[in-house]
Amino acid sequence: MRIGHRLVVGVAALAVVVAACGGGSTSSDAAKTAKSAADLGGMDKLVELAKAEGKLNVIALPPDWANYGQMIDDFSKKYGIEVNSILPDANSQEEIDNAKNTQGTDRAPDVFDLGANVALANTDVFTPYKVEAWGDIPDNIKEPTGLWFGDYAGFTSIGCDVGKVALPATVADLLKPEYKGMIALNGDPTTAAAGFHGVVMAALANGGSADDIAPGVEFFKQLNDAGNLLPVDPTPATIASGQTPCVIDWEYNNAAQTDALAGQIDWQVVIPSDAPPVASYYIQAINKDAPHPAAARLWEEYLYTAEGQNTWLKGYARPILLDKMIAGGTVDQAALDALAPAEGTPVVLTQDQLKAAQDYLKANWNITIAAG
Amino acid sequence: MTDLQAARPASPGASGAGPASGGAGSRRMRRAGAYAGLLPFLLYVTVFLLLPTLLVAVGAFQDDQGAPSLSNVAAVVTEQAFIDAFVRSIQLSVVTALAGAVLGGLLAWAVASGSAEGQLRHVVVAASGVLAQFGGVMLAFAFLATFGINGLVTLVASDWLGLDPQSGSIWVYGMTGLAVVYTYFQLPLMLIVFLPAIEGLRQEWYDGSASLGGNSWSFWRHVGGPILAPSFLGAVLLLFANAFSAYATAAALISQGSPIVTLQIRSALTSEVILGQANVGKALALGMIVIVSIVMALYALVQRRASRWVR
Amino acid sequence: MSAVSSPQRRRRYGRTATRTAILLAIGGYFLVPLFAMLEFSTRGKGGTRTPDAWLAIADDPNLVEAILNTLGIAALTVLGMLLLLVPTMAWVMLRVPRMRRVVEFLCVLPLAIPAIVLVVGIAPVYRVLNGLFGGSILTLAFVDVILVLPFAYRAIDGGLRSVDVVTLSDAARSLGASWPRVMGQIIVPNIRGGILSASVLAVALVLGEFTISSLLSYDTLQVVINLLGKRNAFTSVAVSLAALIFGFVLLYVIARFAPGSQVRGRAAEEGE
């Protein structure tokens, strides 16, 4: 009796351990190493494998960031795959950290949407994959073997509640006294890419260049001294409640607020005219330890279809295949027209310029803006 | 408490002797057995607290590639930005710990002087429990919605008192604002940890003091105060450490410039602009542990004096 | 004292007027920001009042699961904390007073380490735990016990100091009681207030814990609330306020109906 009892308990324990060690993913090994849809036998096979996995973990995709809310819903409905949105507030570095912290579990993120800076520093976390539209992606915004590839860009913009204060036309306007206690920057420039490019925009408007952002830091010092700069972190809630009447952020973030607050707050967006538009491309990559590799690859394929790219366009981002879509007539014209007007050649910082700017900021930002 | 306790083992029956007491060997074994009673706690804390702390401490002495290096620790103790951040953090923690302790202590007294099973006690305990953990983005939002430029209180003040909303609310966005918002979770915390101690004060002691001709003030000065002092100091220490390690609320209110240490750590660990700073963050964390240890040592010194009158 | 038979004693070293003033002032200080949150979350288009933001809370399918999981973690955390701390602290007070400083330091240490740093160190431990428990969300209780140590220690310590634990246990031991009996029937009943405070703090902490859960990608209540709030500014405030109210109700129920919370007064009566 007793031996039988112990045997049952032992087998049960063993079963538990085996089940636990087995993990939760039902991925196929072929999908783990596939470098393109062709490797798996075509798109249909990829869709089949992805549906079998049934789940996708995405990270750092707030619903109102470049219309990711709709992107996730559309993808989920089209393929019947449940999308789990982890850490929507995370920035690019936190995405990588999360992948490392949850490595080997089925909660790890499958795909990343990263700033260029972080992507370039962490290519050892990615696995190469070339989407079907690979050839159409410009060469300077993709890695030759497919480890990472650009997805969309935005221009740094200024958004304001015009019911409270007039929309500035230039960066210099922000120093005017009517903006006292009103302007918030999305993130500390030493920590967040959106804030960083706000400083770049200020630099370009004040005699600086992509190589020299010192005038930008100086501008923000003046803004702070004048009492116009709020140290508060702008969120949709602070915008809706009037705590941050003006926000410097990516165009797609500001424009999304215009839609979200229609009827309550008249939020308008401008790309200032005294500086060339400042742009930064975000980067897509697949986690090499993705718990759902087929679903991850299908997600990437979906993002680079006209449907996916237009979803980003509707979110006021400028998708990477935009020029191709305009030429090919697949662009959503209404969404294109809704973008804020921008003159001049966009400025995108190179890696070297980024590094020089980071070093300057590291030495000078905190001291300049130290809280009272 | 320690002084009298140390004297006790000399007296029979106090060293935990049961019916069977033996000689020196048996006493040594009993002492070993006494320490063994702490084993579960020590094991658990080692795995889930000391091990992670060790990993962090080791990281503090490595550079970005993993090779041993003192550069992070050197940067932490020499760079002005970091030193300023530590000073501000300590100031903020001391001020909010004392403010929270005093106001929370008053509130605890107000609640304790009611009936023990009354609804007030349960309501306040429940509310304090929830509010002690209320922080981050939402607390910052609620605070700005009250005291910010458009806040309820600011608007009322400008209507009734003619206060200019712009200048009247500018304090909210600096360290002063941070101090005020921190009391929002310090006070309830104080209440909840101090209430059991205040409720331990016996009515008889007050009656005894009164019968000897003392009034309320002399009761608190000679009886209540000294008895509560150890618990009060312990609560102040807790509040200090709580404020010292808080960052979510500060991150939402003062998103520019990382003025306090925890924001510096957060920036170092999670910056997507300046990479490779993770170990500097760990060095800063090590600095925090050192400071809390020093504060604990000071607290232990003061505690010894304060516990003179308590067994 | 034995002449007083009603379980409700009014402590006479307080003055009602001062009491009321303090309660009102501090109560007001806390209620105004909460009212501001309520006001904001019910704003509608064009200056109307609408409950839409609150109704949107019910739309989320993950919320119920998150609530249940978080309650499970809370229960385990309270259990783990009490099992770990109460015997240890009593043991230290009675048998190894020299270790008191060490235990106290270990119990304050979690507060010296911000959560984001703790995650860096604890991620490897959790990888092992994932292997053992299959990635169950309930494993968060392990780290939550650590997080609650500083608060629970202080609460239980306050309780232990207010009772002469040493004399009571000496008396019990000399009458032949075993250590478990001393713990269960002498010490625990006398520190009910401290235990209750510590438990309330533990539940509140688990309900409010966000950083470690989100960084380890577990969907606890706060994580789901945060996600829910992303859809809409008004919903984010509404759902946070709803979580506060939920926590308050839960803690009130615990404080009101916890075993012993009504007995304490009478026992103290009879003990005098």
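Read from first to last, the chains carry the letters A, B and C; within each, the first residue is number 1.
Keep this in mind: a residue touches a chain if its C-beta (ideal position, glycine included) is under 8 Å from a C-beta of that chain, and two chains touch if they have at least 3 such contacts.
Values in this document were obtained by computation on a predicted structure and should not be read as measured data.
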Q) Which number of steps is the smallest that gets you from chain A over to chain B via touching chains? A) 1
**Q.** Per Cα centroids, the chain farthest from chain B
**A.** A
(Q) Looking only at C-beta pairs that count as contacts, which pair of chains has more of them, A-C or B-C? (A) B-C
Q.
Counting only Cα atoms for the centres, state how far chain A is from chain C in Å.
A. 37
Q | Chain centre separation (chain B, chain C; CA means) in Å | A | 15
Q: Give me the residues of chain A that touch two or more other chains.
A: 94, 97, 235, 237, 241
**Q.** For chain C, residues that touch 2 or more chains besides their own
**A.** 40, 236-237
Q) In chain B, what residues contact two or more other chains? A) 141, 145, 266, 269-270
Q. Mind pulling up the chain B residues that touch chain C in the complex?
A. 1-2, 5-6, 8, 13-14, 16, 18-19, 34-35, 37-38, 40-41, 44-45, 47-56, 59, 103, 106-107, 109-118, 120-123, 125-127, 129-136, 138-139, 141-143, 145-146, 151-153, 184, 187-189, 192-197, 199-201, 203-204, 206-207, 216, 219, 224, 230-231, 234-235, 237-238, 241-242, 244-245, 247-248, 262, 265-266, 269-270, 278, 281-282, 285, 288-289, 291-293, 296, 300, 310-311
Q: Using the touch definition up top, name the residues of chain A that touch chain B in the complex.
A: 91-94, 97, 114-115, 117-118, 121, 180-181, 184-185, 187-193, 195-196, 224, 227, 229-233, 235, 237-238, 241-243, 358, 361-362, 365-367, 369-372
Q: Can you check the complex and tell me which residues of chain C touch chain A?
A: 40, 43, 45-46, 119, 123, 126-127, 130-135, 214-218, 226-227, 229-234, 236-237
Q: Show which residues of chain B lie in contact with chain A when the two form their complex.
A: 80-81, 84, 137, 140-141, 144-145, 148-150, 166, 169-170, 173-175, 251-259, 266-267, 269-276
(Q) Per the contact definition, I'd like the list of chain C residues that touch chain B in the complex. (A) 1, 7-15, 18-19, 22-23, 26, 30, 32-37, 39-40, 84-85, 87-88, 91-92, 94-97, 99-101, 103-106, 108-114, 116-118, 120-122, 124-125, 142-143, 145-146, 149-151, 154-155, 157-159, 161-164, 166, 170, 173-174, 176, 191, 193-194, 196-197, 200-201, 203-205, 207-211, 236-237, 240, 244, 247-252, 254-256, 261-262, 264-265, 272
